[in-house]
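One chain, chain A, links the two complexes that follow: it is found with chain B in the first and with chain C in the second.
Take a look at the complex of A and B:
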């Protein structure tokens, strides 16, 4: 197989919540396949004998004291969100069902 | 229709009673003004990093121990990726591969039959923000975003709604008694998703998941409704699809929800921002040693002490009283009767908690011992209970005063004899076996003594004097 199916591209687009045009779908069918082939090279590495690497950092996590707290004023946060209503962050309606 | 077997598994989410969030240092408190308990970490601003909350790990461990789980000493987290505004990071931090506890169980009892319900695993994760939907917009409050959660996944070991409800009651009780969570379903700090399948054979049928059911009794109704729907589908020759549904409380049925991502779509991978943390044996032992006395251990203590099973359940349902009874060295039957009776009435009347009263455990023990040795009777106790709750006054003095104030047996005998002479018609009624005569005369005694008479003694004297007539 030298390219992904149209459905596969649409599925990935859905997971990323992006709209794609028919032209883009055709392009991604090929591009994404190339990307996957590149990533597939990792499969050639023998990993069975080694433990899963979670992070390259060698030291363990340092735990935080539950009592130490810090909040940031919503007015500061507001500067980085698309829209607000009162104290709420406003987004396009998310429909659950 | 009855030859179908129902199989039930339950996933429970509980919020942990921490002071701050699981991976961010903002405050764990929501329900008030929106977006005040937040910081850069919650909003995943560039450059921010998560950090494990020590007490969150401790409470997760404690829950795993209380549910008899094997502990995974290596604490690691994973990313569960999905794109939705309720999580600004674009993923939830959870434990997909190495849950903190596995292979546990809780024991339930339904209609006198005990059964072990397996716990597949218990893992730590973070809550999402609260969203409110309007016509064209959704409004987000991030106070809940990042609040520590445990998810408890049962084995599909339950076969009817009664077992499912008993399982949830048991979980709630354990998490409340260990102070892991306040388990308020109405406020969303405990939430249930129920997996149901039906089958005529030993092979399990296709299951559906009914999400976010609002109360334990609704879980029971949702299971009945969903099992009925599945049986009707199968009987009509249709297939059951693996799908997510929700329970409509008013219509008493489950409704299909839009299909979201499942399984591989979440693209789980190890959370690289959180290096692993290894639980030391000393940490685990400390949590074990400091574990609260679990409800079933308390049940056994109370039953062994001779407390009536009905009262035992009343005590277990009232953690405040149950905690107060812990370590008391006195007659527990008397102690529990006082606590469930007059003392509860006082607390209800004054809207106080036990710890807000002046009734120390020492004072209470002296009181119970006095009742136990019959040094005082219930009547005297009733007279002094309010003073005991409200003042530091010495209990021995109070009792002495009350006794001096109380009627002597001779006084009471005189009153009984006087009333018998004044009420010949009641004596006649009594002789003819009419019960109301006793009730009437007892009423007169209480009136005459302004309630000071000990009812048991008065009754005894009355019957004695009447029989002499």
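Take a look at the complex of A and C:
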């Protein structure tokens, strides 16, 4: 197989919450397959230790007091919000009846 | 025109101290040059009114005689948040986004009284190796305008190499400072992971990203790094270190230094002309008392695979925030919130970004996280141990920065893997959190720059500048 099925592309697109149009599907079938073939090579790489590296440089864990130290004025934030009603962020209906 | 920008920062500083010029002269010259070279497409947003106003204000103040960066113009990559200056990440998604706060590095640049000229072009969300995924069109290489600048910090490389602005900030996740520096013939440093705060850097691969300086020479690079570093409470991955002057070893010789060159870095994937230039560097090193050994280092040929998994995985998580709700682009006429997410991301992201998010989402979903991501982190750990082993015996690891010189703007457009392969020699550094620097080491027969890549152990930047500066002088 040198490409993904349409269903596989739609599944991956759904995971990523990205719409895919019919005319794009064919290209994704090929391009995503190339990348997935690449990353599949990892299965063949042998490694001695099973220790994971999460971050490359050691850090101390730092705890801070559980108190508010900073707050941003909503009027500032609002400048970048696509749609607002009063002091609320407006979005399409979330709950279907 | 007075061409003050052709002078070194030290020389400019002397003119400022002697009151022969003011920052206004420098800023005006920057904008004249940017205007005359607008075809380079180095910038997405200019900060002209504010920069001139600030330069006028500085002109009324006393020059800080000990601060060489006082009044010096700087360009900032457009994924670094700048308060009240549009920050787009070269994406339609953030085309109209104006941050309400400064990144920590911007606070530091401002504290040094540097003047922000504008925001530089880049690959969309730093994903790419040629800056061609920019929503605003690709920047061009000043050495040959038909060639790519490299990426993702292509605009920063372009404006420094074209001498439009003397100094710039870039960011590097898998080579995005060093590779464009190599293609355009300038100096670019990716510091040790944790040296520089990432607060305000719009994240791509959080465990790899690092901000660093892009400059015309080694000394000015070290100078800018001096101002950028330091522990930051707002970035828990930043590291507390004793304050040091990164320029302090510049000018010293390299007698007794031990250098390793991994066989993979000089294998058949690298152009012969680049190997030839590296061999010349090896001769210089030996003539000056350093030793060079070719070594076999494990995992280097597999780094693209682990890089793809880690960056695409981290990117899919980091870019989940771009959903059209609180900031950035929002698609119109969606019937539900789910619809709005999918439409917004469909319309707001470009092809490369969408592809990487999709693959990343798949790699992190369910059982796949163990099969791919965890395995990649195991190899990442093994690669770091491998570097540690070599740094017990050697001071530096050397190699070329890139496998070829910069290619044509219209070449290699159709292969989704190409942008990863371009960075194959520089990615290992990010994997292990090491510092890496590119310096020019010659040109090919078409005058295209060729870069030398120097890798140091963690927090060894000062000694890297020492050997980089030594070679810079010898290669002149």
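One rule holds in what follows: the second predicted complex is superposed on the first by the 90 of 97 C-alpha atoms of A that agree within 3 Å, B and C clash if a C-alpha of one lies under 4 Å from a C-alpha of the other, contacts with A are read in each partner's own complex, and residues count from 1 in each chain.
Going forward, a contact is a pair of C-beta atoms (placed from the backbone, for glycine too) under 8 Å apart; a residue touches a chain by one contact, two chains touch by 3 or more.
Here the structure is a predicted model, which is why all the values come from computation and not from measurement.
A.B. asks: Touch check for A:67: first (chain B), second (chain C), both, or neither?
C.D. replies: first
A.B. asks: If we overlay the two complexes on their shared chain A, which of chain B and chain C does A:79 touch? Say first, second, both or neither.
C.D. replies: After superposition on chain A, A:79 lies in contact with chain C alone.
A.B. asks: In this superposed model, does chain C or chain B come into contact with more residues of chain A?
C.D. replies: In the superposed model, C touches more residues of chain A.
A.B. asks: Look at A:87 in the shared chain and tell me whether it touches chain B only, chain C only, both, or neither; answer first, second, both or neither.
C.D. replies: Once the two structures are laid over each other on A, A:87 reaches chain B alone.
A.B. asks: Regarding the shared-chain residue A:35, is it in contact with chain B (first), chain C (second), both, or neither?
C.D. replies: second
A.B. asks: Quick one: classify A:49 as touching chain B (first), chain C (second), both or neither.
C.D. replies: Second partner only, chain C.
A.B. asks: Of all the chain A residues, which ones make contact with chain B and with chain C?
C.D. replies: In chain A, positions 15-17, 52-55, 57, 59-60, 62, 72, 77, 80-81, 89, 91-94, 96 sit in both the chain B and chain C interfaces.
A.B. asks: Taking the touch rule as given, give the residues of chain A at its contact with chain C in the complex, in rising order.
C.D. replies: Of all residues in chain A, those touching chain C are 12-13, 15-21, 28, 31-32, 34-36, 38-39, 41-43, 45, 47-57, 59-60, 62, 72, 76-77, 79-83, 89, 91-94, 96.
A.B. asks: Looking at the complex, which residues from chain A come into contact with chain B?
C.D. replies: Of all residues in chain A, those touching chain B are 15-17, 52-55, 57, 59-72, 74, 77, 80-81, 85-97.
A.B. asks: Show me the residue ranges of chain B that touch chain A in the complex, using the header's touch definition.
C.D. replies: Interface residues on the chain B side: 18-20, 25-27, 33-40, 43, 45, 51-57, 75-76, 82-86, 97, 131-142, 246, 255-258, 261, 265, 270-278.
A.B. asks: Provide the residue numbers of chain C that touch chain A in the complex, in ascending order.
C.D. replies: 97-98, 100, 192-194, 207, 236-237, 239-240, 299, 302, 304-306, 308-309, 312, 316, 320, 323-330, 334-343, 345-346, 349, 354-355, 357-363, 365, 371-372, 374-382, 384-385, 415-417, 420, 431-434, 458
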